[in-house]
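The structure's right below; bear with me while I get my questions together.
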Amino acid sequence: MAVELERTEQVRSKIHIKNPLLRNALSEFFGTFMLLFIGIGIVMQFILSNEKLNTWININLGWGLAIAFCVYLCSKTSGGHFNPAVSIAFLTLGKLPLKDFLVYCVVQTIGAALGSLAAFGLYYGICDHYCSNNKFILDQVNKFAGAYRTIIGSKATAACFCSFPAFHVSNTTCFFDQFAGTAILVLFVCVIIDKRNGIPAAAHPLLFGLVVMMIGTAYGMNLGYPINPARDLGPRIVTFFIYGSGVFSYHSYYFWIPVIAPLFGAVAGAWSYTFFVGAHIPEQRETTYVLVDEANQPLKLA
Amino acid sequence: MAVELERTEQVRSKIHIKNPLLRNALSEFFGTFMLLFIGIGIVMQFILSNEKLNTWININLGWGLAIAFCVYLCSKTSGGHFNPAVSIAFLTLGKLPLKDFLVYCVVQTIGAALGSLAAFGLYYGICDHYCSNNKFILDQVNKFAGAYRTIIGSKATAACFCSFPAFHVSNTTCFFDQFAGTAILVLFVCVIIDKRNGIPAAAHPLLFGLVVMMIGTAYGMNLGYPINPARDLGPRIVTFFIYGSGVFSYHSYYFWIPVIAPLFGAVAGAWSYTFFVGAHIPEQRETTYVLVDEANQPLKLA
Amino acid sequence: MAVELERTEQVRSKIHIKNPLLRNALSEFFGTFMLLFIGIGIVMQFILSNEKLNTWININLGWGLAIAFCVYLCSKTSGGHFNPAVSIAFLTLGKLPLKDFLVYCVVQTIGAALGSLAAFGLYYGICDHYCSNNKFILDQVNKFAGAYRTIIGSKATAACFCSFPAFHVSNTTCFFDQFAGTAILVLFVCVIIDKRNGIPAAAHPLLFGLVVMMIGTAYGMNLGYPINPARDLGPRIVTFFIYGSGVFSYHSYYFWIPVIAPLFGAVAGAWSYTFFVGAHIPEQRETTYVLVDEANQPLKLA
Amino acid sequence: MAVELERTEQVRSKIHIKNPLLRNALSEFFGTFMLLFIGIGIVMQFILSNEKLNTWININLGWGLAIAFCVYLCSKTSGGHFNPAVSIAFLTLGKLPLKDFLVYCVVQTIGAALGSLAAFGLYYGICDHYCSNNKFILDQVNKFAGAYRTIIGSKATAACFCSFPAFHVSNTTCFFDQFAGTAILVLFVCVIIDKRNGIPAAAHPLLFGLVVMMIGTAYGMNLGYPINPARDLGPRIVTFFIYGSGVFSYHSYYFWIPVIAPLFGAVAGAWSYTFFVGAHIPEQRETTYVLVDEANQPLKLA
């Protein structure tokens, strides 16, 4: 009764990676690549269409779904963090070893950088068309690359890749914005995965996506809710080669804020759930099925 | 075979609150805080971006998801009311003791006030930038605080916190608007939680959120669908310290309407479900699994 | 071990209606009332805010959710048709007796009329404010009621209640638009409820709502997708008392098209599912659970 | 104990098609017809209302739901591909025979053509009204049909049917856009249907729809995300009879790109899932239910 294996099963038997860290690192890399490939495409469709094709609701919907499906992609390997802030929260909760955390941070950032580069490739033509009028305008901020691609100005395109706050938003506000946004994200991630809340595992990735959708309607105005060090730093490294060193010096070296603040926010969010609610959920009796006889007495079998 | 407990379980064993009222009050406080922290952020992103970043659909989506996830947060402790109107409906249905109801009302209102304050903190910079032109305009309504923050006018910001009806909407209309909106909310809450309707518990919070989304597309034009005394009064108390006493005297002391009308509406909504539909659902036979022998006869075990 | 019944159970024991037709008619009346109360509110929020508060996406979302929750409301009594076209499809499928169908049509239309009247009450003030400029314009179409409420013109409000096609949309197009829209609706309703498709019952109402959402993005441009004789005729009767007989004579007595065309479309949609797909779904083996002994042989109990 | 069969069951017993390929081909034809009938309606409502009724978010929502429900329609017969790219991916995965693949391609393209024709019929009046001003403008591109229906220009309508890239989007970009978009689609389709990911079958069609929604927010700007050879070629054949041969020669015979590129993208997407993640998912122990005695020892029955 030999049954021929499906082709994917044949491939699986040949290339299956058994080392958990290697397998999970590959998943985190590929998942973050896909997340940013899709996500940067969403932001570009917003900016490069002059906010006419995508509006803010498409940003919310698109990023939410991108989170959801990329987590589905890796739900049975690494779990789908794609975000050093989520990973550090799991580190403090005792669910992720330190070594894994460090590896995750690196591959997430590389994946994010490459994903944004791929998106740039697909929209290279429209991007050039969008800012072609800039070619004749001298831009002092950008001395490194083609002067028509700029960080600020009416046809600026650097914000397609990562966050650049407006001048009237202080770096202190930026810090608390990223702290709070990531805290909300990780708080609700912990709600969703807490087994005591009884939410089926197959729904978790979709709910994570809806959480990010929600955050984008509430705290997207200051910075555009990166709430993810890899998502912001990875593409920023790419922009260095396009827009020059201004991407780091901009706004008093703002760039480190979306890298550091989410780490603190994630830990605060994760533990505030435990302290305020999670630790106090009453124990549920486990449901037991008992076979009964006609007098409703428990059966003694055998 | 001792197994080391997860870190959250260790914390749980130390801080677990056993007193149900204390536990639930903490949940209601924290949940309402989170709901308003997110929800006021959503409204501010709508108003302070001149309705360009968030449009009305983002308000609907965001508030719906905020309700959904905050209820998930507290679904296994207090159940997640965050709304004295929902609590009074459960009081009349015999599902909440009077003492608990009174405690809930207080902590919900405090949570709402603090949540709106936290949101104001994160958008303080943008709020100032938004109404900075007002600094040079004398505003008669607001004598208490910095005159550039106003309740009415083209750059008014008080509506970020709570409802201020337009002049052509009478207080009578306001009353019925809040009565009807809350009645719709609680009617469908009762539909969702009625076990006879067979909706899985894990889906309840999401469906509550969708109900609020729906209400926002239908009855948001008069007042912006507060339909929750704590959500309106809590932030209004905060606005007293920012905009002065005008927040209470505005529109012939309108402020008490979104506090009182939802209470009546909620009770009407809850019981109209029972009277029109719930009481008439036919009994379903309970499904019984029976072990049968080969002749399809019930087995007699043991 | 007597247990005190919940209050709703006590009420239930006193008022429980056992007659199925009476019970279902009450549900259809109340459900259609709620559907139109919410739905007309949605349309009014679209028109009376000059399409600035609600845009078309809010119409789609809101009506979809209104359908979903009103069907949840009545899912265990009448099933939640609220639409003579759905009822006639079930009549031809042999799932609804003729007598019930006729009763449903009447109570659905009355419920729709009263629901739209309730919505008008809540937005009476804004409606007057919206068209107050019309008071000084002579309107020849409307001779019956206050001349500032009109069927056509830039501040027309009759379309808040029911459909009035533009002049360049012929009545023939209207017929096929309503035929097709209702056919799509009922086709997918039949897909969803077909047990062979294995969709859990608790998800059916939500999916019905999503179907209506979809139709609104595809075939809302000709007439605004009434696709429901009760939803169009009921409120139209109300408009007779507000806008005069023009609501019936408009566009060569168009009014009968959204009453008749959906009935044909519904039957066509229902049966096209059976003919093209439903009748050809292969039989699934039923899953049987068998107790086995250690040798994997079926156990013989007792 | 004879029970009268439901009417649909009676019909089923008479017309049931047992040949799997015939049954599946009928499903693929009808499903693709419905998908395009709805989908082209969505695009027309976007273009012919000057992007005022439908905006981009309605396109995303509508097409996503159209995919979801058309797949539900055929989920138990052909599975609901409606897309030669999806079919070729399944061919390479060993899940679809070559003969079936070829038949699917043909019936999908015919279904798509007829579906777009039906949508054109319903919006014929509005389409004429939309471009009636064009009647007086000489259009060099279009020599075959009524000169007021054009492929390019401010009142062009050919884009209602299929994709026509802007001049600043090169054909190379078009190729990679279609390659990438379809790769994303099929990658996530493979994630969703992989049993190791544990997503319930009843949710698959809805999730497919959400994937398409997501793609539309990210990669809709170059071409409008056809990502489906049948969806683009079928309606293009229809446009040949309306707009002339320009629909094929436009943009250096662009038309073959959305026919060919998705086929390569789909295969790349399907296998990249296997290589990066799918092949490395660790095996789960199967859950086994064991009856135990009071000492928690496995029972020996009989």
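For reference, chains read A, B, C and D in written order, and residue numbers begin at 1 within each chain.
What we mean here is this: contacts are C-beta pairs under 8 Å (C-beta built on N, C-alpha and C of every residue); 3 or more make two chains touch, one makes a residue touch a chain.
Which protein is which chain? UniProt says A, B, C, D = Protein CBR-AQP-7.
Not measured: the values here are computed from a predicted model.
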**OP:** Work out which chains are contact partners of both chain A (Protein CBR-AQP-7) and chain D (Protein CBR-AQP-7).
**Re:** none
Subject >> Size of the rotation, in steps of 5 degrees, that lays the CA trace of chain C (Protein CBR-AQP-7) over chain D (Protein CBR-AQP-7) >> reply: 90
Original post:
Among the chains, which is located farthest from chain D (Protein CBR-AQP-7) on the basis of C-alpha centroids?
Top reply: B
Original post:
Is the contact between chain B (Protein CBR-AQP-7) and chain C (Protein CBR-AQP-7) built from the same residue numbers on each copy (over half shared) or from different ones (under half shared)?
Top reply: different
Original post:
How many Å are there between the centre of chain A (Protein CBR-AQP-7) and the centre of chain B (Protein CBR-AQP-7), using C-alpha atoms for each centre?
Top reply: 28
Subject >> chain B (Protein CBR-AQP-7)-chain D (Protein CBR-AQP-7) separation of Cα centroids, rounded to whole Å >> reply: 39
Original post:
Which residues belonging to chain C (Protein CBR-AQP-7) are in contact with no fewer than two other chains?
Top reply: 55, 57, 291, 300-301
**OP:** Would you mind writing out the residues of chain C (Protein CBR-AQP-7) in touch with chain D (Protein CBR-AQP-7) in their complex?
**Re:** 55-57, 60, 92-95, 168-170, 173, 176-177, 180, 184, 187-188, 191-192, 196-200, 203, 207, 210-211, 213-215, 217-222, 273-282, 291, 293-294, 299-301
Original post:
For chain A (Protein CBR-AQP-7), which residues are in contact with chain D (Protein CBR-AQP-7) within the complex?
Top reply: 6-8, 11-12, 15-17, 20, 23, 26-27, 30-31, 34, 37-39, 41-42, 44-45, 48-49, 53-55, 57-59, 61-62, 65-66, 68-69, 72-77, 118-119, 121-126, 128-129, 201-202, 291, 300-302
